[in-house]
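Paired with chain B in one complex and with chain C in the other, chain A is shared by the two complexes that follow.
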Partner chain A sequence: MIQLKNVSKIYTTKTGKNPFKRVKSEKLAVDGLNMQVEKGKIVGLLGVNGAGKTTTIKMISTLLEASSGTITIDDKDVIDNRMDIKRNVNMITGGERMIYWRLTGRENLNYFGQLYGLDLNVLKPRIESLVKLVGLEDSIDIPVERYSKGMKQRLQIARGMINDPDYLLLDEPTLGLDAPIAKDIRAYIRKLADEQNKGILLTSHYIPEVEALCDYIYVLHNGKLLYEGTSKMLATQVFDTKKYIFETSELSETKMKAMYAFSDALGASVCITKEEGLHKVNFESGADCHKELMNYIHQNRFLIHNFRVEEADLEASIIELSRRLS
Partner chain B sequence: MFWKSLKATFLRNFISQIRAYPMSFFVGNLLTALYSVLSAWFLYHLLFNGKLDDSFSKLAGTGDYMSYVIIGSAVYALAVRTCLNVSRSLVTELREGTLESLMLTPFSRYGYFTGNMFQQTVTSLCEVLLALLICTPFGFSPEAFQPLQFIIALGASLFAFFGMSMMLGALMLYTRDTYISQNTLFIFMYLVSGVLFPQGYLPDVFVKIGSLIPLGTSLEVIRASILGITNTVFTESIVYLIAIGAVYSTIGFISMRRIEEIALEKIFG
Partner chain C sequence: MKAFFNLVQAEMIKQYKNYFHNKFIYFSLFLWPILSFVNGYYQFKPFDFSGVSKSISYLNDDTLLSYVLIGYMAMIFFRTLVQSAWHFSFERTAGTLELVYLSPANRVAIVFGNCLSALLGSVWLFVVFLVGIQLTFSNVQIENPVLFIMASILMVIMSVNWGMLLNGLFIFTRDSAFLFTILEEPMEIFSGVKVPVVLMPFWAQAVAAAFPLTYAIKALRMLMFETVSNSEVLRMFGIMLLICITMFLMTLFILRVGEARNRKTGNMALF
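And now, the complex of A and B:
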């Protein structure tokens, strides 16, 4: 399990044009973060730009050292066991960097595989299977500088899995990919967690991707943990009301009045509109009153044409959060 | 891990170089050596009329000025080419965006840098040998060539250059600059290391500073092995080269590790 306990990161930079009079400035990028990623789970890390997502990932990957707090992976401290951790963790970022453009895709994978100390009898079949996975069979032997953006990204994904890590840190992994390839990659990420028991930490600006993949979500803002939980829990925390919408045959005046009284009794609000011979009822409540509402409908013999519960999705939750914080 | 990193880095560089090495760069390297020798040839024959006073023979240990200069230029080229490429290897990774992916791996730093050095040595030696062939008509006469001494001298020199590369590499990565640091050092090396004239002609302060740069001692032992110069304390010089290489490598590796961290902080901070 990846575990972060009270982790903070302060960047110290020197600014100023005069090289002899440079002013030291500090920037708190991550502030007392606690989080964990279990094996077999996909955990999302969300937040607007500058929230501290990438810094967090780089600290877990050993690229950056935390200013305070501890990061452990399978109970090993990432700083004290740097080499072991590197063998067990890999990172994939979006974009076209992190690969050698003058080498072919195969030469890149071969190079990185050897830096991980893999024997050729392990490395060769692994390269073949990764190439197949990311769909680069036809272009694996041409120099990367001739690849399209999407092809470079696919090679990046293969590079990130070359050491068969127990934990994968994915920073915008499907950035720039065509929809079908992105879908395949998402399915593979899910498979990695479910079938190969890998722990995955994912950041993405593509919220439906996070919603579809992540078992648990952390939301950062200015380096601080703002929310944690499942996407449903997050929606509940952000939006304090739940909407029940149904269409029924025309309601009598008496039934409408009774409906208003019922909603008042539950502390909910109701809005009834007439549309094409039907009444559309918008029932909004802070608490879960699904059961009460169903009983009421049944007892009063409403003729229901359709019924749905409208819950806020993750995207709406994040937009609402950003709106509140801005 | 050492051998895997070494082999992988050697092959990676070799492939990259074959694929992207511009012919003009290769010709340029040869011409640089040729121009140095031509300048010396004109100076020697047109200005000095082929005559040098006794002080040269006394300080250089040989009266064969053209061979002295040709070896000087060739070894200088070798030192610059190896130092240049090994020292800028990490700053190049930083510029090309591959430093992070490299640092994510548990690669052997010794293997990585040795692979860089080894590949660069092979390429540079080919260039230097070709330059020597081209310069031979200008008066290169390796009549007293002693192969074993030469191999020892070359090996010790390369080790010392490697150490210097590591220190320079740490400085380059810290400043993210390859031009000022390397060019300043290389011009200074050219001036104080006895490439065109013996160090004995220089003021004491330059001789003392020059002794911190292994090229001067390296030139002494390589010239001794090719020209049969006898006034060189060969063994002591070899020990000095190995010692200075070890000291510089140690300082370089220690500082490089810290500077890698600073460089990564600078990327994100």
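And now, the complex of A and C:
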């Protein structure tokens, strides 16, 4: 398990035009972060630009050192056991950098595999299986510069898997990809967690991706942990009301009055509008009153045309959170 | 040790495929040093060397070709490695440097592989050309070819260590273009490639002393043109070895300190 305990990262930079009078300034990129990633789980790390997501990923990967706090992976401290940790972790980023364009896909994988000291007897079959897994069989022996964006990204995923790590750190893995390719990659990421028991930490600006993939979410804001939990829990925390919307055959004046009285009794609010011969009822409540509402509809013999419960999704929750913080 | 050399080999192959992707590169690698050498030779050819002979007894019209040739041969080794180190710094921009540092790969093996790849890819054609010129047109007879070959091997080792040191520096500095500028041309001017160091003013001799190439050229010219005592040879080889060891230790230090510093500053990802 990846575990971060009270981790902070401060960047020190020197600014000023005069090289002899440069002023030191400090930027707190991550502030007292606690989080964990278990094997077989996909954990999301969300936040607007500059929230501290990439810094967190790089601290876990050993590329950066935390200014304070501890990071352990399978109970090994990442600073004291840096080389061991490097064998057990890999990082995949979105975009077209971080591969050698003039080399073929196979030459890239071969090189990166040898960086991990893999014997050729192990490396060759692993390359074959990874190439098959990411669907690059037909193009693995042509230079990467001739690959499409999606092919390069799939090669990145194969590259990140070359050392068969227990933990994968994915920084915007579907950045700039077409929807069908991004969907394939998401399915593959899910497979890695479910079938190969990889622990995956994922950052993405594409919120539906995080919602679809992540078992658990951490939201960062200015380096601080703002929220943790599932996307549903986040929605209930951010939005304190639930919406029940239904359309019914035209309501009489009496029935409408009774509806208002019913909502008052539950401490809810109701808005009834007339649209194309139907009445649309918008019932909003802070508490879960699904059962009571269904009973009321049944007892009063409303002729329901459609009924839906509107719950806030992750995207709406994040937008709302950002709005409140700005 | 096997893992170390496997990694060196992997790095060499990667660099070779990354930079020698086009056959015309060989043409430019060959043509450019030849033009430079021919230019250097004909710059000196019209001059009367009788005045210089007081300071350097062996330099005259007959030995000029071999004199310039030795300077250029040694320089091409060192200059190639300055350029290869500069090229290696581009890996920072490409993001691949971060991946190297993400892995547990031996950092010394990486920079060593990069230097060897540059040497084998860039130097051999020019060296063959120079040896051909020497054998065909030069009247100079080397008194002790074994010692001369040993000095040449030491020069190659020195150049590789120089390359590794520069690789370390270029990886961890974001101002590699500045380093490239202050190392490339001044090295050619001050190391005695063309103008003998002994003829330079004192301040320029002090600058020359900072470049390992100066010692390599001095050793090769001494063994080519002069009769040298055993103790002098030993002293010269000792100095060359000491420079190699110093450069190697500095490389280890820079790689270690540079990486630790980048882990704190996060500069690895900046360019």
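As a convention for this text, the second predicted complex is superposed on the first by the 326 of 326 C-alpha atoms of A that agree within 3 Å, B and C clash if a C-alpha of one lies under 4 Å from a C-alpha of the other, contacts with A are read in each partner's own complex, and residues count from 1 in each chain.
The rule is simple: a contact is a pair of C-beta atoms (placed from the backbone, for glycine too) under 8 Å apart; a residue touches a chain by one contact, two chains touch by 3 or more.
Note that the structure is predicted; figures quoted are calculated from it, not measured.
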item: Combined model on chain A where chain B meets chain C, clash or fit; value: clash
item: Which superposed partner A:83 touches (first chain B, second chain C, both, neither); value: both
item: Touched chain A residues, chain B compared with chain C; value: B
item: Touching partner for A:91 - first (chain B), second (chain C), both, neither; value: both
item: Chain B versus chain C as contact partner of A:27, first or second or both or neither; value: first
item: Contacts of A:197 with chain B and chain C, given as first, second, both or neither; value: neither
item: Which of chain B and chain C A:102 touches, first, second, both or neither; value: both
item: On chain A, the residue positions that both chain B and chain C contact, one per complex; value: 11-12, 55, 58, 61-65, 83, 86-87, 90-91, 93, 97-100, 102-103, 107, 110-112, 114-117, 159, 163
item: Residues of chain A touching chain B in the complex; value: 11-13, 27, 29, 54-55, 58, 61-65, 82-83, 86-87, 89-91, 93, 96-103, 107, 110-112, 114-117, 143, 159, 163
item: Residues of chain C touching chain A in the complex; value: 3, 6-7, 10-11, 13-14, 17-18, 21, 94-96, 98-105, 263-266, 268-269
item: In the complex with chain A, residue positions of chain B that touch it; value: 1, 4-5, 7-8, 11-12, 15-16, 19-20, 96-98, 100-107, 261, 264-266, 268-269
item: Sites on chain A touched by chain C in the complex; value: 11-12, 55, 58, 61-65, 83, 86-87, 90-91, 93, 97-100, 102-103, 107, 110-112, 114-117, 159, 163
